[in-house]
Amino acid sequence: MNSLNFFNNLGYAWPETIITLFLAILVIYNLVYPQARRALGIISLLGIALALGFTIQQMWTQFPTDPSWLSGFTRMLIPDKIGIFFKVIILIATAYVVLFTEFSEELRGTFDRAGEYYALIFGMLLGMMFMISANNFILLYVSLELVSYSSYVLAGFMKTSERSSEASMKYIIYGGVASGIMLFGISLMFGMTGTFYYFDISRLLMMININSVLFLISGIMIFTGIGYKISSVPFHFWTPDVYEGAPTTITAYLSVASKAAGFAALIHLVRNCFVGAVATDGYWVMLSHFYWKELLVYLAILTMTVGNLTALWQDNLKRMLAYSSIAHAGYLLAAMSVLSNQGLIAMVVYFSVYLLMNLGAFFIVILIQNKTGSENIDDYNGLGTRMPFLGACLGIFLVSLTGLPPTAGFIGKLYLFLALVDAKMIILAIIALLNSVISLYYYIRVLRHMYLTKGNNESPITPSFGSVLIALSLAVPVLLFGIYFTPLIEWAKTVVLR
Amino acid sequence: MTDMSTLSTFLTHIGLGHFLFISGMLFSLGIYGVVTRKNAVMVLMGIELILNSANINFVAFARYGNYGFHGQLAALFVIILAAAESAIALAIVLNIYKTFNNVNVDEIDKLRE
Amino acid sequence: MDLYLILFYFFAIITLVSAFFVVTTRNVIYAAFNLMLTLFGVAGFYVLLGADFIAIVQLIVYVGGILILLIFGVMLTNKITDTDIKSGFLNRVPGLLIVGTFAGILIGTLLKSTWRIAAPLPPPVAGLVGIGNLLMTEYTLIFEILGAVLLIALIGAASIARKQSN
Amino acid sequence: MNQIPFIPIALIILVLPLIGFFFTLLFGKKIKQMYLFETGIITTALGLSIYMAFMKLMYYANEKIVSELTWIDLGSTKAFGKISVDLGMMIDNVTVLMLFVVCLISTLVHLFSIEYMKGDKRYNRYFSYLGIFTFSMLGIVFTHNMLMMYIFWELVGLSSYLLIGFWFEKKSASDASKKAFVVNRVGDFGMLAGILILFANYHTFTFDKVFAQISQGVLPFNSEFWLTAMGILLFCGAIGKSAQFPLHVWLPDAMEGPTPVSALIHAATMVAAGVYLTVRIFPLLTGDALLFIATIGAISSFIPATIALTQNDIKKVLAYSTISQLGYMVMALGVGAYAYGFFHLVTHAFFKAGLFLGSGSVIHAMHHEQDIRQMGGLKKKLPITYTTFLIFSLAISGIPLTSGFLSKDGILASAYAFGNLTGYKIFAISGFLVALMTAFYMFRLLILTFHGEPRNEEKYHHAHESPALMTMPLVLLAILSIFAFYTINPLSAQTGWVLKDWLKTPASVVPEHARYSFMVQKHDEKPEAAVKHEEAVAEKPAAESEHTIIHSEEYTEALHHAHYPAMFLSLAVAGLGILFAFIMYFWRKINADKLADSVKPLYKFSLNKWYFDEFYDFAFVNGTLLLSRFLAWFDSTIVDGIVNGSAVVTRQLSKLSGLFDTYVVDGLVNLSATLSGLLGIFTRKFQTGKVQTYIIMVVFSLVALLFILMNYGI
Amino acid sequence: MNHAPLLSLITFLPVIGMIIVLLLPKGMEKAMKITTLTVTFLQIVIAGVIWSGFNYSLGGINDPNSFQFIEKFRWIELTGVAWLNTIKIDYFIGIDGISAPMLMLTALISFIAALSSWNINKAVKGYHAMYLLLVTGMMGVFVSLDFFLFYIFWEVMLLPMYFLIGIWGGPRKEYAAIKFFIYTLFGSVFMLLVMIGLYLSCQETLAAGQKVFTFNILSMMDPKNYTATGILSPLNPHNLRFIAYIGLFAGFAIKIPMFPFHTWLPDAHVEAPTPISVILAGVLLKMGTYGILRFNYPIFPEITRQVIWWIAAFGMINIIYGALCAMAQKDFKKLIAYSSVSHMGFVLLGMASLNTIGITGAIFQMFNHGTITAMLFLIVGVIYDRAHTRGIYEFGGLATQMPIYTGFVTIAFFGAIGLPGISGFISESFVFLGGFGFEPIRLLTILSTIGILLGAGYMLWTLQRVYLGPLNEKWNQLQDLDGREYAMLIPLTIIVLILGIYPSFMLGLMNTSVNALVDFMAKSPQLFSSIGM
């Protein structure tokens, strides 16, 4: 391999390269100017913007359709558009989280470590980028660990806070075991196939018969790692605790970005390892070595139901949003379980929407937390009248999370159900629908506390201009896509078409 | 007699199965350790056992399946990752000790339903 | 071949017994030392499997690095005056039940399965060159990422462990 | 054809009271004299109606003037054809007679009320109510179809509601008005069912069109049973409105309204509407239906008569007497004496209105004292009232030279003849018994009120004859209770113009074998009337030619034979009744109280009105209320509960954990909520906060998932 | 489209109003109220223009050419690929004789309720914004001819309603609001599923000959448009049309509300502020029955045939059950709420008759219930405003104190009883006539007529307890109606009376469509059921 080839191959990983570069820049800059916190944010945004640019540029790059033709390290990457989509999602989420950090009061105590904060975010970002495009189990594992390590630290970033420290400890123990199980699964997979590459495994699966029980065990163990990232029941246990304890910005980040990376990894794993071909009607012809459909259907039902039911009982808004994010993972799994391009479209649409509404909800939670110092739902009493604009925004986000028109959340649900009904998975569709009814309880409960209950304090709260701008930038698309969703779907279509 | 002979054959002819047995045991012991130990550091030890068991697998599969050096490389990476993880984990445990004054995992359950 | 057999059982006993003590002993320091033995045993297996390089890395990184780290951890999280550093157990029964079931299934399946085993088992190859080649070509990316991982681990661990500046 | 614009005049007559109502209602508060406007309007209507009745009866006695317009056009569909709802007016002899009665009595009551109601705080409102009542009543009179009949039927119900409850501050009055409306609704319920059958089968409401179809053999649901049922159901309306057994209970209570109102609607017009309805639907009634009607009529005439014997409230006596007389009319129709039934309606309207107005005069004089035990000797104080009251009493008792004799005798004769023809003699027997009782209680009333010594000196002292505006209607009605207005022969109405020329029994349209046998016309005989008016008939469509024929020869014969026995018998019983009354109350040869004591159970039974109210209260009112309370409880507890998840479980749970309670209040309220709440509690349990537990569960899930997936085959 | 976009205007005018209200600074409460009033008044004007331009001879139902004031343009257009359906969603609105009366009703009731909102002084801005949004939702539901659009409008109403009850309601407002929300949402999720199922089963042919899946409900009424394999396609022998029918029906039934889904209604009514009760009873409940007529009937005619007895049976249960429950109430508003349950039963019964007269009666009853019950709620509002209690037994003899008010009460009450001369009579008797004319539900119709008896019972009893009898001295300072209340009650009274005397005003509007529907329902079940076999 000559160096020219290396740089040629780097073309597949420009965004990642840029992120690595900016990671280094951040670290160095912080060493040189330890006090310049604002600048770090700006540098981060710059880096993200650049990476985003390159990522979007990749949309128009022609990649070889069969990754096994690639040479060098690029063999480990799947340069497909679905991956690009998830990268875009992650980059946007990162940008927002960087912005949110500016508004977070609770992170104020850690501003002396802002350099580390941004560096860790970039590390996580880098990990997720590779996790998304991983075409190799080792890469998957390594990048997953990179994401995990960064997020362990970020979750415990407010180290003087008990909650944050505890979250971080639980996270690392849980994550360590989950990734350990995954690693063991990978090792079994390696033992059966002799390779780490998805496409090699796929090719092998088409030819040879593999002991199924072992294959099942291996598959489930590998899924454990991914399931833990996307917080699918029964691998979700860390989610509420960590979400509650972690700084809210990081919670938002985990709930969107790391979930996106997990789902992208899942999609790539399934699509590149276990799909024989795509039928003309969009359904995937599965290589019958692993019961993906059954597994995903069961887990989808479990995930959304457990998420929603438990969310009913939460008084802490962050914790409630944690369960809500579990429930949404359930919907996404349901879309995944269709195992078709339609399902993929539904996932893409849903995730685009989920990005907006979930980030939005967390942003408002952050802003409210700044004022009241609490995420407890009782402290939301009467906030709707005290801060009408932000209250309305939170209302929009929550309604969207419920999936009611005319918000984008409805479009996400619509496409999900379109895929499910098209696949004649009516029972799952009904369960999902009932779940969305249940979810109304706890989403509306927030609004109830904000608007229907009288608070002790009546003094109005005026949000800063910046926060209004950010909230608007999330709320307006949520409404807009709810009414006119052509661009959303067009994008999803481009993304899913290989 | 066949049972005895298969068993003795098994015992005397070291093959992949032996290593897999060791790794399976290590894995299970690791998880058992994680699950049962109070002390956070000992929980981490359990995790190390899990990682080691996987590593044995990698190397053993590569050797018996003649898969080249991929297995060894994987083991190498895992060792490196384990080192990094331990560093972070210990930092976190130290922090826990600072805030909670103990490192008993079961007592750190403020975040719960 | 006999030596191989003896060595295997030697390492196997060391590994499993010490691993057993790691998870059962009350004393944290004992556990740490038993872990060392386990890791040592595992390194022995690597040698038996012809992976010398990995065995050495195991010894250097694990025994020399991680274990020391863990012992530091033990020391730093216990009051120095405590002579016997003990730690209790929990979840023993459910842990035993579930992990036992799981182990049974796992090991049973592992042993029962037919694996792809190269028909004439080729002799072990000294690995350093091969590993190095692969590392620099196919696995460059992972190599690079590992760099980032280490950087992140460094930053992260430092960020958490260092003293609050103000 | 008609030189006289009957329809426009009828429309004007119909609308006038409505105008009166609106204006009086709207401006009554501001302009004190609105009652005069209203009275003027009614008087105008009376004038017009007299003109119309005269012209119709004199010159067009055998014509039927019909005018209709499409009210609602529902277009047509392939499956059901064209559907439209017509409104229309029909003017025949019955119409104009009824019109005259209604307008006259309404006018008289207006006049009477001017004095009687003087000083009431809602004086003008009262008159406006009279206006809407008159309007509704006229609507019934003019209608040519069942729907309009029902519409005005309900409006009459409304106006009676308003009038009975006019003094709504009195609880008894508002109770009575509600009772009247609701009990009437019970009857209407049957009537509505009848209408439904009618419309479902004939797709029209118009009487003539329905009759035409029935006479062509179109039966409801192709069954005579349903024809009978339809007739009976339609008649249910009459049971309600005419206060027939078993729905008669509202009428005595309705006496809570002002007395002129009782005279107007509860004696002469509204209650007669039921009879009028029966008259209108007479052609479609089968023999069985008629028998049913006759039975209802007989019972309704008998029971109230027994009750009236013992009542002490002057108006109550009259009320029961009214029911009894209405029962007579209904019975008359039931036994096929169409003409007599209607004739009795007319005569009864006059003398009963008179009686009520007379009692109003008494009550007015006695300062709203209604108990006859407090009266006595009023003859001297109220001479005009007394005289007219006496005439009315004679009339209702059926003493010759009065109108009452003519009609009542006719009915009794018909019943007698009916008994001879069919064997159902019970109607005649009951009729004569009632005649006996009627004479008795009327004279008991008369004697106790006007004769003897005053029993309440103070009230007696203040009593004085009513002003002219009140006595004038009495006199007028008394005059109208004289035979001369109906016939020249005081002993037989048959020869009178009313029966001979004006009231013709319409031919039944039901299949012949479903009629009373005596109503079947032998085919070889040409009906007398038909021959007589061949010219007029010839111009009409064939279906209508049968419309004015009388009974068969056989019946005419029987009636003829029954006439004299019945007459003598009725005279005898009336005389006997009067005699008894005089013996007991005038000469006091028999102590009424002692007699009552000797038959105490019977007396009590009668005094307490056969316990109908108690029974209904117990069985229906309370039953319904209980049911409704039960259902409300059911609704709030069970239905809600089932939907909300078992209420008990909810409550127990809320006790168990105060947490749950807050959530129940918080809005986890229905089944899904409770269930999901419970499940939520369950799923929460896993989130222990201990990371090692989580890991155990993860490992467990791994095993579980493995087994689940292994189920799909290895 | 060569006419002014009147329907869009009438639908989205309130949104404009809402924006104005939101932009108005705090403290200009009066201006907000005036904005709402103006907007709703303009809606009445537009409704009048629509009425004047309405062609009575066009039937609508399943024929796109005979709908009126159609506005149709592509809203969402997504070209598909082999495995991805081309999605074309139209902004397709139009009215026929079934929606036109509802449109008029909505315009009218919105205005009346806006008037009634005048004395709401808490968080005026939010109230009026929500109110106007609600009005848009209601209008939209009645004009949509595209299922997707319909669904969006349907759901858009939920949130404003939740807040309107929840913020401005009575003591248990939160409970009532969430109950309303959950019930309705529960119903509508099934509707969503059926919508998707229909979408994936039904194709329309574009001008270019291309076949695309469609949300167009008119296309769904033609069995020829269904694909062979769609789960809701009659061509598919294993279709789920029956289950889908039930699901869709349940969604609408909750809104009606049909027994046993009715329990949200009393709570919602009791807790809601007067104008919202008026809207709720006046318009919202109609959406359920309207939906059944617009969707269940023509899209699933063969199943409608199968279940028609059940619809009638539930209608009967509603009538009787509602009436009996009403009788037991001690809360005035709850009584009227239950009377609504009873009256909506008439609509169900009438619809089940499948003949002109019955369906006419049903639609007319929808309109009449809207006006009469609105009056009733306003009436309760009047005394509640004054006395701050609604306990029936706490009043008595108000007629002495407030005679004019009692006059209106009498009209409204007798209207509710179905007294001739008031519009309710026509519709109720048409329902009975229609129901009785249809053999399978004849007995049910007869049983239902008990309802008029019970209706008279509880209404008159209430009239007596509250208004008649001796005056309860506690209330001897109550004032009679003021100008605003006149302005609310008089128009309704006039409409109720005019329609009682000359119903053809309204019946003419709907007649052609009703006949078209009846004809459609007569012939299409065979088409739908025979095609698959």
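As written, the chain order gives the labels A, B, C, D and E, with residue 1 at the start of each chain.
One rule holds for everything that comes next: a residue touches a chain if its C-beta (ideal position, glycine included) is under 8 Å from a C-beta of that chain, and two chains touch if they have at least 3 such contacts.
What you see is a predicted model, and the numbers here were worked out from it, not measured in a lab.
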item: Chain labels contacting subunit A and also subunit B; value: C, D
item: Of C-D and A-D, pair with higher C-beta contact tally; value: A-D
item: Chain whose Cα centroid lies at the greatest distance from that of subunit B; value: D
item: Distance-maximising chain from subunit A - centres being C-alpha averages; value: D
item: Nearest-to-centre chain - CA centroid comparison; value: E
item: Chain centre separation in whole Å, for subunit E relative to subunit A (CA means); value: 43
item: Cα-centroid distance, subunit A relative to subunit C, in whole angstrom; value: 31
item: Inter-centroid spacing, subunit E versus subunit B (mean Cα positions, whole Å); value: 66
item: Averaged-CA centre spacing for the pair subunit E and subunit C, given as whole angstrom; value: 71
item: Subunit E, residues touching no fewer than two other chains; value: 174, 178, 182, 186
item: Touching two or more other chains - residue numbers and ranges from subunit C; value: 90-91, 95, 98-99, 102, 105-106, 110, 115-116, 139, 142, 146, 149, 152-153, 156-158, 160
item: For subunit B, residues contacting two or more additional chains; value: 23, 27, 30-31, 34-36, 40, 43-44, 55, 60-62, 65, 70-71, 73, 77, 81, 84-85, 88, 91-93, 95-96, 105-106, 109-113
item: Interchain contacts (touch definition) - all pairs; value: A-B, A-C, A-D, A-E, B-C, B-D, C-D, D-E
item: Subunit B to subunit D touching residues, read off their complex; value: 31, 34-36, 43, 105-106, 109-113
item: Contacting residues of subunit C [partner subunit D, same complex]; value: 90-91, 94-95, 98-99, 101-102, 105
item: Complex interface listing, subunit B residues touching subunit A; value: 23, 27, 30-31, 34, 40, 43-44, 47, 50-51, 53-55, 57-58, 60-62, 65, 67, 70-71, 73-74, 77-78, 81, 84-85, 88-89, 91-93, 95-96, 98-100, 105, 108-113
item: In the complex with subunit C, residue positions of subunit B that touch it; value: 12, 14-33, 35-42, 44-46, 48-49, 52, 55-56, 59-66, 68-73, 75-77, 79-88, 90-97, 102-104, 106
item: Residues of subunit A defined as touching subunit C within the complex; value: 1, 6, 13, 20, 23, 27, 72-73, 75-77, 112-113, 116-117, 119-120, 123, 126-127, 130, 138-139, 142-143, 145-146, 149-150, 152-153, 156-157, 159-160, 168, 188, 191-192, 194, 211, 213-214, 217
